[in-house]
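Structures are listed in the sections that come next.
Presented sequentially are two complexes of chain A, the first with chain B as partner and the second with chain C.
Right after this comes the complex of A and B.
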């Protein structure tokens, strides 16, 4: 009955507005925020002409090319290249173009400097992969046309900078030359191409820059063998390391004559151990050698002798040399002293001269300086000033000028790895509402303004004031928990191993933490962050205990590297505790149990499939051992095409084990035939999803029982050819097989083959259904399919009387070993977009209807009602079905422009979308991240349980007052009239 | 009803008797007009009042039956309205259904009051009352039937199951593709 009435109201709402997600223009920014980032900068080119805007062009590790305002750090324009299109270099050409070389020398593009329009693009087909260089000589001209030299794929190509036309091409791969460096000889058109053939032969080609003809070719040999770590010093010298990495080889090629000199590194820097590396910096007649945690700056004298100019700690960063006045070079060196950063600009020609020496105080949470780029300007007193663009360990970007940080960009947020949420602190007596809400007068004034807006009495100025008031409503950015659960903290782990807490109200950073235990150390060479999990969520002591999160990392990228665990307080952003390096971590399984301090039990699986229990307390162990007979886990080996299931056998028996380690017992395995099926995608239900009901009521009051289990796994496999990009397989070769597997017993519930379909597959699992997206080669279109599963073994629970008196087994705990009978219903539809991510809305109680959130290829988030993906759709639904909300079947899913959550914005480089339920049942919070961040609130069936924020309380008050007044007036009036009647 | 009673009880406050029964003998010479029966003249006062009473009882009984049958008309009208309202849930059909439920209930509550005027030691009211109750119950049944056709009665299994949370699972399983 209730369901019927509810569905009636839902229908009513839906008929009022087809989809409840669209918004009006003035609602933008009310509940959503969008932050634009660029990522970790790897190249920077300054463009600071005397007049006009000063800007810096950067390219980043997130494949972004951007032009930043040098004054404020804002983005003038930004272009995000594809995921495989990493930038090799950027340069300025003709004073108006930004030339970028990307895809390992495969693509050369020119961007208009003021607005970022692409002017031309040239695809360079190389013959084999090689290093990639971009060279924009200033004086190399052919018919007034400046040339751009690009090396990539073993070919040197000269391209016209005006239209991108290829002028000449020279293939070096054919001569089996591994090109190491390409240099232009100063003041002439000659290009030197330096490289190795094999490991011992050094080749040098002199090429006429105007037509690509080889002028001269000379080879030379060095028996010791070259490593591939080389560097150009000045214009006529190449520095290389030998194969053992202990000898420095200098190759002087002045005038085409090759002279090889050798010098052991220990002669230069004294005792050292470990790897030696030449830093890829252009320092004029100097080079930097990194050995034994020190950087040795070695200068080359005019006679060709090597001298150590300075030895600095390896935590220092050195910039490229900047020519600033005739013949003079400036080099910036940044190093840390205590918690301050020392920026020194030195004269490249004379290392003992300091042009600038400044101390800058930089937030300790930014870590070490990674890169520095310098630029000079003329001070009012005609002396040279320098500004430095500094890239920090957390990928943030700072501009330092005159000992001050001019601006900061938090670009670490462009590489989010994982997100979790925590609640904000409960409102305490200290923080009162009135304090934040200013005073009553302001409140009243605001409402009067709003009322004016509603009654269309507002002047344009008022409208602006109203909009500003709505946008920076203090209500949404308060630091306390709210009744509706809209305000939360997003805990974000980034690639730079930094943890940020963002406020959902306005996206500001509450705290950030460069996780200490995940920083580079002797024990951990290249630590990486993996995931972040909610560790402790206090409910009983919410007033005086802080929630905490668990950050899981590894020492190295490889799976068998030791793991690192860090526990971070979610309110203060301080590391409470850390352990590591510990055993390796393959998988983290949050268990559905908590101990008395409300710490969630986690089982960490290592590469030997042993389980390690956390937290490491006796109490947790007790709880775990009590439940251990019902705990299972599985591992998906995508390489071998095997899924294995395990249970706990007992405590570990190996030597360095403790009580918290458990041996696995092999239970089952599903082996996919390797020659015909390859695992490409999997999906599981979300652990925190709440399902309201187990029954699905069909038209005519028919009943089906959903098969709801968290222990289900959706696996999609494709034939090996069809598991790559589209176009790699013909329809006959391609097939896609989907499975539903019970992860406790290993039983395959359902299997379906899609002939002529192929990867990529994106899937989402929720309640009793899976929706997946793939490409149909026969139809040349993307498709989406839905599988709904129902429990047939409960289907006979239809006797009303028995249900009324409660004589049924519907709420009895179920076991996967009871072999439930499963019925699956499925349907497929065409879908226009290719997809980057799919997720589904989650609400607090699971009553609200579901919407799919689709991250489209255009980096937007599209909301699609689940009702469109319903296997019961048919061409002519019956009256009862229509009443129930079954939509007539169409072959493709509609894309309604108003249902883009991101409206006019783009979440560049979108990687994933997550949803978090708010306390208000109708509402869910959506966070999409990629290079950009986007957050919004979504009510899939409109906010049926609350008044909207736009609701005018003043109007309501006014109406009530007016009504009361009217009642009083009419009452007096009628009294008087009655009296007159009586006198008559 | 009050008015009717006044007429019945005090309708004849005074009367002019044109015939004098004491002078009957002197008038004997004149034959009675044809069709005149002296027997009627012989009725005594008590018999006259009893006759009056009988008429009253008859009349009351008849009225009571009429009142008892009144809901039938109502029932028919309700049925027609329900048919017009259709079987989908909207404001009109809900209003009609609830009025169809409310009317019989309020009528049943006031059964005593409805038959108050006809209350008399001699008037047999049980029959009309029973009929009245039965008809109203019929109306109520019609209302409930309508409620059911609207789907607002929890007579289906779905109504009892839709709020049942999913059963808990005994086992717990986790895992997946190794973290990278």
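Right after this comes the complex of A and C.
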């Protein structure tokens, strides 16, 4: 009887509990944090008028245009442009607009300086791709309207800076002119357009800036041929390199007359080797030449002679020239000396004069200086001071003023490549952080305050105190492991090849490491980071050994470039060891075995499908050889439409091979017909996912066995026309086919065609189901489909009792070769939004129900209960099904605003969402990254296994006290009554 | 009916008269068309006063943060101060426009750019298949990202576990004796006997029930 009642209450509770997660507004920041970034700065324009806020406008490689506070480095406003809309340049116009040119000169936009509101947008449709320039002449006016000149797509366009209206347009592509530079002649309305026709002819056009008419056109030839690397020096001189890159060509075009001079570079800089490069800097009557690890600064004398002003190490960065007073120019040069950074501001006209010479100490983990922008200000003693905005190798941004770093922005975190997590150290005597711990009195005081809050007795001051107390809770930011597993380290690899460890409690950076082995070297020209894997996770020696991570990188972007491996200690952030350049790395397979030091075995597959075993120890080799007959992998050749399966054949036979190299054996291949199907997306179950039960109890005590295998692969193919973006295919020519393939045998378990549907496909695979998101052209809406697979061969084994008692033969090993009979159930639903990423919650034991986490096009993360994507949903579910929690069928999935994990925040430029199980079964940790970072923790079925943060201990105490008092009072009453009875 | 029609015609006339003639028309260019449209966010916000001043909703109605996205991210643009937006150089075909605005739910819009009939754009909301006369996008509803805290009431205390505990105790203390008093002694004896004869309920009876959740 009691159990019935209990189960009834449980059902009641479940039905009351909403299918989403929701948050009260005062809970923001309790378990989530959000960090806003902009990315690696490309251009910077200062806006420091005497009154008002001082700011700097920047554009970045993550296509962000932002306005930063020059005092603190905070973001005033920020606009994230589309993924293909990279910024070519930004300028200020009229003192109130920021003009940006983007999409290779395709789009010109003006942004309001104070608040970032877009004021106007003009599309410049050029006829062919070309370089893109933005020029805002200072004194070119037509009817009191300042002009903005933009060059892109082979056309020079003049646009009104007030409303963006196009005033004139001149097409140079028609004359097959490849425009290299556009300059304004100082003090006049004449615009010079300089370019090449073919490789030997130099053309110069003089254009009237007011109406776009050609005033003068002159050509000149140079038989040696020009390379496409040019630079404008002063107002009337262009510097170029010849095709061989060994001769410097100066083109003087004063007054429209062209004079070409040549000079071998070796005459100027002496001996050098390798590539020569002109640095794209505007230095007044100077230019910078990069040759042989040196930068030569070459000045042009008034007579047009070239002289080397200085030679500096190539690790230096030089700023553009800044005019500051009476035609004087200042140029900043930053170079490294020992572990300090030397900032020198020199007079552009006279290189020997130093305006400023400061030494700044910059953290060595920031690497070399990449870019520097300077700005001047007037000191109180009326002399000129300079501040410098410095972009470092790790993409961070620093403001240096008076020899000190005023502020720092960690903008490397805007380009996260991969994330993994590690546990924090176990609490032990030495590590204890007792200082921050509260005593009992404080604890009780806090709870009394909270109680006041719940009873609405608190004054506004109390409310503020409560909120501050909750946000600051030292519990969450401690540097030790907690019982619930909420505190972890997020190890984040960024595009700048820097590794960061972020604390999950408050998102602060614990350590950061610019990985030494992944830095530019002679052997490795353009290293890139790829992935990061947990390498060693100590359980037995958790007290005295530190976990470590493996960072996999490559020498170049191409797949067959040699790989680099780096092993980093996850607590100290130091590189333990590294190897590389080694064989190329196509795929990394973490194997489910560890050696005696708890290092996980990894098999690295190269482009020839050979496997390389790590760690390189005898012991690991022994373990691997024992298990090698059970190791399978596959490769997906997207271009050819082939998926191949492999197994280990034996040791490598080619020369210079070692014992840790293994030859592959071809097992199977699945070939998709190239003319009708193109692979567009794949998904596999997560290796670390835990599945609690293999059986699913249906209504009427029926049992279904989930088909659970980690060796399943979901593949989506689309007809070639339908594999591009929306808007290019018609429903008739689009089709989408999905497959479930066993990666051990290559058997296709399931195949389904969606007619009239197309890419993009985002899929997530978990337990025995896969959910994928695609576009339905017929309905012109997005759809999400679910496929659940069940094992029919065990279907007759329906003894629930045995299953409960654990006598069921579920522990019998299953094999992929046993040809299971599989039943798939599927259903599709409409979904409103475009999707950027889909993932699923992971919990420690897999008992908690699942939620899908969907990164929407609006850069929010939406939690959607898996029960909405149940293939058994029907219009009228039976009573039994209702009890089980089957939701009545609707054609579209609900978007419940309260279940946005990101609540009223946006994770700008969202790229991916990852989930990590906490130790507490009900809870999962969610990390979403893009240009911004967002972290929160989520309980998909509410925290049924712990008290919530809001739990009021004071109320509990109060209740107990009340109960005790009641007991005492009633006891006294009854005593008294008894006495009276007796007296009677 | 006629009144309504007159209203619409005057509306159209007013639109024609106004200098802005950019909405819902495509301008033919070399190889692509231009989609012009407008996002209209109602100025009066029906947010409950309890949260109107809260910081999360300061974002609402800020037109500068609104992003308009073509074909699931192929292109993105922003709104001009008057709410207008445009996509240039769009090929003929059927496209999808989405509006990302924090605090509002916008339906994606299906936009047909006709190749045969340049200058013609047809638009419809995909959520409810409503055709749009002109490309003016309005939010279907506002989005509340936070649960609203119920104001304090005595009921919420009573309903809380602690409240239930106290309530149950009170019932036992004050009501049970009354019930026992009112009970017929004969009946009570019968009930006691019944309970004894049934014995202790066995665990096996509950098993199917226990597996269900």
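Just so we're on the same page, the second predicted complex is superposed on the first by the 942 of 984 C-alpha atoms of A that agree within 3 Å, B and C clash if a C-alpha of one lies under 4 Å from a C-alpha of the other, contacts with A are read in each partner's own complex, and residues count from 1 in each chain.
The working rule: a contact is a pair of C-beta atoms (placed from the backbone, for glycine too) under 8 Å apart; a residue touches a chain by one contact, two chains touch by 3 or more.
What you see is a predicted model, and the numbers here were worked out from it, not measured in a lab.
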Taking the superposition on A as described, I'd like to know which of chain B and chain C A:587 touches: first, second, both or neither.
first
Identify the partner contact of A:639: answer first if only chain B is touched, second if only chain C is, both if each is, neither if none is.
neither
Using the superposition on chain A described above, determine whether A:121 touches chain B (first), chain C (second), both, or neither.
second
Of the two partner chains, chain B (first) and chain C (second), which one does A:697 touch, if any: first, second, both, or neither?
both
First (chain B), second (chain C), both or neither touched by A:959
second
Would you please give the residues of chain A that touch chain B in one complex and also touch chain C in the other complex?
1, 3-4, 697, 701, 800, 803-804, 883
Residues of chain A touching chain C in their complex?
1, 3-4, 7, 10-11, 14, 22-26, 28, 77, 79, 81-85, 109, 112, 115-121, 123, 125, 454-456, 697, 701, 725-728, 730, 760, 775, 777, 779-782, 800-801, 803-804, 832-834, 836, 857-860, 883-884, 892, 895, 897-898, 900, 903-904, 906, 955-956, 958-959, 962-963, 966, 970
Chain A - residues contacting chain B, complex
1-5, 8, 530-531, 552, 559, 585-592, 603, 605, 627, 630-636, 638, 645, 682, 684, 687, 691-695, 697, 701-703, 705-706, 708-711, 713, 743-744, 797-800, 803-804, 810-817, 883
Note: in the complex, chain B contacts chain A through residues 88-89, 151-180
Please name which positions on chain C make contact with chain A in the complex.
29-30, 32, 34, 51, 54, 56-57, 59, 63-64, 67, 69-81, 86, 88-91, 93-96, 98, 100-103, 105, 107-108, 110, 126-127, 143-149, 151-152, 160, 162, 165-166, 169-170, 173, 201, 205-213
